[in-house]
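Labels A, B, C and D are assigned to the chains in the order they are written; within every chain, residues are numbered from 1.
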Amino acid sequence: MVTDVDLSVRIGSLELAYPTLMGSGCYGSGEEFAPFIDLSKIGGVVLKSVTRAPRLGNPTPRLVQTPAGMLNAIGLQNPGIDWYLEHDVAKFASRPCAVIGSVAGFSVDDYAYVAERLAARDEIHALELNISCPNVAAEGETFACDPRLTARVVKTVRATTDKTLIVKLSPNVTDIAGIAREAESAGADALAVINTVRGMAIDVNAWKPRLGNVTGGLSGPAIRPVAVLAVYEVARAVRIPIVGQGGIETASDALEFLLAGASAISIGTGNFTDPRIPVRIVEELHAYLAARGVRSLREIVGKANVGFANPYQYEGDEG
Amino acid sequence: MRALQSPASVHDVLVLDRTELAPGVVLLGFHAPQLAAVTQPGQFVMAVPPGGERAAVALGIYEAQGDRASVMFFVCGPRTREFAGLREGDRFSVSGPLGNGFTLDGAKNVAIVAGGVGIASVLLPAQALVRSHVRTRLFYGARTAELLVDRERFEREGCEVICATDDGSFGHRGFITQALAATEDKPDLILACGPSPMLRATAFVAGELGVAAQLSLEETFACGVGGCWGCVVPLDRNSAQAPGFPGQDEGGSEVVYARICKEGPVFWAHELRW
Amino acid sequence: MVTDVDLSVRIGSLELAYPTLMGSGCYGSGEEFAPFIDLSKIGGVVLKSVTRAPRLGNPTPRLVQTPAGMLNAIGLQNPGIDWYLEHDVAKFASRPCAVIGSVAGFSVDDYAYVAERLAARDEIHALELNISCPNVAAEGETFACDPRLTARVVKTVRATTDKTLIVKLSPNVTDIAGIAREAESAGADALAVINTVRGMAIDVNAWKPRLGNVTGGLSGPAIRPVAVLAVYEVARAVRIPIVGQGGIETASDALEFLLAGASAISIGTGNFTDPRIPVRIVEELHAYLAARGVRSLREIVGKANVGFANPYQYEGDEG
Amino acid sequence: MRALQSPASVHDVLVLDRTELAPGVVLLGFHAPQLAAVTQPGQFVMAVPPGGERAAVALGIYEAQGDRASVMFFVCGPRTREFAGLREGDRFSVSGPLGNGFTLDGAKNVAIVAGGVGIASVLLPAQALVRSHVRTRLFYGARTAELLVDRERFEREGCEVICATDDGSFGHRGFITQALAATEDKPDLILACGPSPMLRATAFVAGELGVAAQLSLEETFACGVGGCWGCVVPLDRNSAQAPGFPGQDEGGSEVVYARICKEGPVFWAHELRW
């Protein structure tokens, strides 16, 4: 039994006090959840994805509940990078946790433009590249579904900033490990695995799709087995750290991702179940590791994944 | 809408009572002194399904007095079915109170329009109005008599209650907004909560009567606190409730998307661009 | 309000009294469920997949419960085609519903060999080609993940029999519509959409995968939104009928698939929730259509799918 | 194993009583005369979670008498949590009775070994044996005294009860199979139900003592009726319970995979090749 358990993790050059990020698009800029949770007890917030031009997003309804999950089709509603830099970003300085900007786009040029401007701001500690949003016109999804496009966009963005670059992958592909390898070679510091799974629901009374956008992205506990497998496979294919996500609600869920090979985890839909989940997970991870005499969370990463190469091994700074 | 937000937090609560008001309509009272103390009429909670694996559900705060608050819901899906299974002594959690409630200042003669489950959000404003000696009428519509739940409660609280049912089994036959349109005693403020077609009809009638109306909107929520932008409604860009950047809707008009959970759920009818 | 509602459907040349098939691998040969349900009230049973050689299947555990779903990794346990033809097939003659053989394999030759021998038997009314089992060595899955392999195996099997040939597709691909088109061109009479979604679960106490086979296939309500979308997309890409499946438990669920463009539906995991589900669905579909004055189930196929071409239009035998 | 199957069907049942025997251990009695009439000791039901969306759960039939049957379960996941929420007057469904129970003929001195939740499957065989005037001892192990649920019941039924707890809080300290191994009064038949390590230890002790043992196995089920082959265990190919074609296991020995739900859950220990 040990009591001093180290839950901190490093993702690229980003140091996180806790291994818990809040999923992009699910957590606003953090402030919205402050009444319910102590934000200094989470690792960081991934901000809502921002694009070059403002977007009103998709028509409503944008949300549908499904068994143990939900579909969303927000459609990247955001004020565009100009307004965002002018009105919103300064406020993020007061967050007592890491703040990670999320960049979306419709062309390689878009991504590079927005990433460069966003990364230039001190309030933004790292960038996540959302090349896997299923809720915008075909091109948006294509990036993470095509190994060559993935390589191109990552390489171009990489050239614009030295801040930690997390590339968010889509599960809606035949071979996610192949895409992951492309992102790694192109210079990604870490991978977010996974974005939502494409799905739809139909209103059987009105005889039409339930989402204004017809199709949406499935998240929540329903997709957890899909996400754990994606992490497991990606972890065998790359040596950069992985931020595991998809349906995490408990420490046990988080441990599945960590044992599969994720170095950190992200919680999105779980916050809609109970906003205290992220802090509970940290407390329970602490107790779990202490009870097993494990001194650092990093030690268990990939432990259920035979053939996995722990990313920390290759950095020379950990055993 | 005046900002009627209250300090929200998460509460682990104990079920005090459970009543089936009609088949599939449950009233759940719980011990929540802190919540009850700060709730404003028209606010709601996000209630956490006790079994996990399912998102929290938005429920209007029906009663809030002393140590006790309550919610009332129609069992229509897996989550409300789960809540319907709770009994006295069970525990669950709620986040709240959330959202901006009704603005009641200055009104002298208020018509509250409630349809179906919308009734769950209008007891508190009715009580507040009666307490301030405002003439308060409830126009209450439902599919059938049985679903006009807790009607007498509003009478006991001092409201005049006018009912309508789709099948004519109680009160007027037809839509409750027809009864509103036909009233001789013109209100100076209309508050409404209910299904979207009823709200649109209310907005129309209010326009005809030349009376300001506040509508409590409904939409599927995910976060309930403004974090996901899943519950938006287009507003006039000059609305005091407009939260952020303006944009053009499909028709090319300038609108601002407001979050029903955060800027609402109550909006001025004339500011909605839906 | 009408009372004579026609629920019969035709899949290729196979006539089904009811639009409900029981999913391969979930329903034994039907007999196992006879104590709980009247088998003459279901459309048909898709038998457990059979291979050329006998297979003991995967090590246990083979099943894991997950949120609103389950993972399975049976691994095609079956006695092989010789034993099957000798000991098992004769018994199927007594089933009061359609009996559809399911063929699995590891090479094009395997599929053709097993399909030909199985189709030769009168007890087997139609064939389903399981080219999408996620629980066997890599090759098994590859067929439905590769458009060219799909085309080759379907074409070769097509040449061996005139019986109705249903090809079962995998959701674990970037573009299921493209695979569907290949199967159609190669001669499939119908498509089963979808087989299970790949997933895994980890035992956080033992630090190892919970399935003996490490990975498995996710089924049940959790995957329904994924399956409905797959049907919706495939229905826009092909003109042959679709058997929709994935998490169907109620008539409302079934209607989502029908309105998306499926001509019939299949129930697998739902039978593990309550064995009466298939009969309840038929009763409720009947009531639903009667209440809306719809005389035939075929009329609602694809009605929530703008741009869908109803397969029956092209057969010349329906309005 | 003799085929001890009974005519199974689906039953919609009414909850008659609900008792929390220990924290997280619930006994649920329900009205099911038809099921109770045909149940054989060692059989189980597949119980349908009332909320839908979740597969049925295998539960041993604990009691079966007159109009009433019962199940006893440990709350360990979402489905058992759902069942734990049921109260008197609620309804749920069960399919059963299922599987092949224990063969009790001819035994004169029976040792029943139960570990943890395994107790749920051994009351009926204990009752049947006592009724036939067979000397019946229950060797009952649990983690701690509190989890030796309904121990007195077995005494009242006429069993001698020997207990063991991991922490020594009641009875012997250690594994219950150690108590079995140490018995001076050698049984002529052993029945066992409990976690897999306990069953393996029981099989070992039975071998040492030279006594035949029947083990009720546990595995995650999906269908529970033999339709999915998800719950298999390797058996000696000559076992009367071997269902079908033989094959070679990883070690190259010939085995037959039997379905625990259909050919079992009770198997002769010496025929298992696990």
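The working rule: contacts are C-beta pairs under 8 Å (C-beta built on N, C-alpha and C of every residue); 3 or more make two chains touch, one makes a residue touch a chain.
What you see is a predicted model; the values in this text were computed from it and never measured.
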Where chain C and chain D overlap in contact partners, by chain label: none
Whole-Å gap between the CA centroids of chain B and chain D: 51
Centre-of-Cα separation between chain D and chain A, whole angstrom: 45
Between chain A and chain C, centroid-to-centroid distance (C-alpha), Å: 34
Numbers and ranges of chain A residues touching at least 2 other chains: 67-68, 220-221
Sites on chain D at which at least two other chains make contact: 52-53, 78
Chain-level touch network, classified as line, ring, star, complete or other: ring
All pairs of touching chains, each written as two labels joined by a dash: A-B, A-C, B-D, C-D
Residues on chain C engaged by chain A in the complex (per definition of touch): 66-69, 71, 145, 172-174, 197-204, 207-209, 215-216, 218, 220-226, 228-229, 232, 247, 252, 255-256, 259-260, 288, 300, 303-304
Sites on chain D touched by chain B in the complex: 50-53, 78, 81-82, 85, 87, 90
Chain A - residues contacting chain B, complex: 25-28, 32-33, 35-36, 48, 54-57, 59-65, 67-68, 70, 72, 74, 77, 79-80, 83, 87, 220-221, 249-250, 269, 271-276
In the complex with chain C, residue positions of chain D that touch it: 7-10, 48-49, 52-56, 77-79, 93, 95, 219-233, 244-245, 247-250, 255, 257, 262
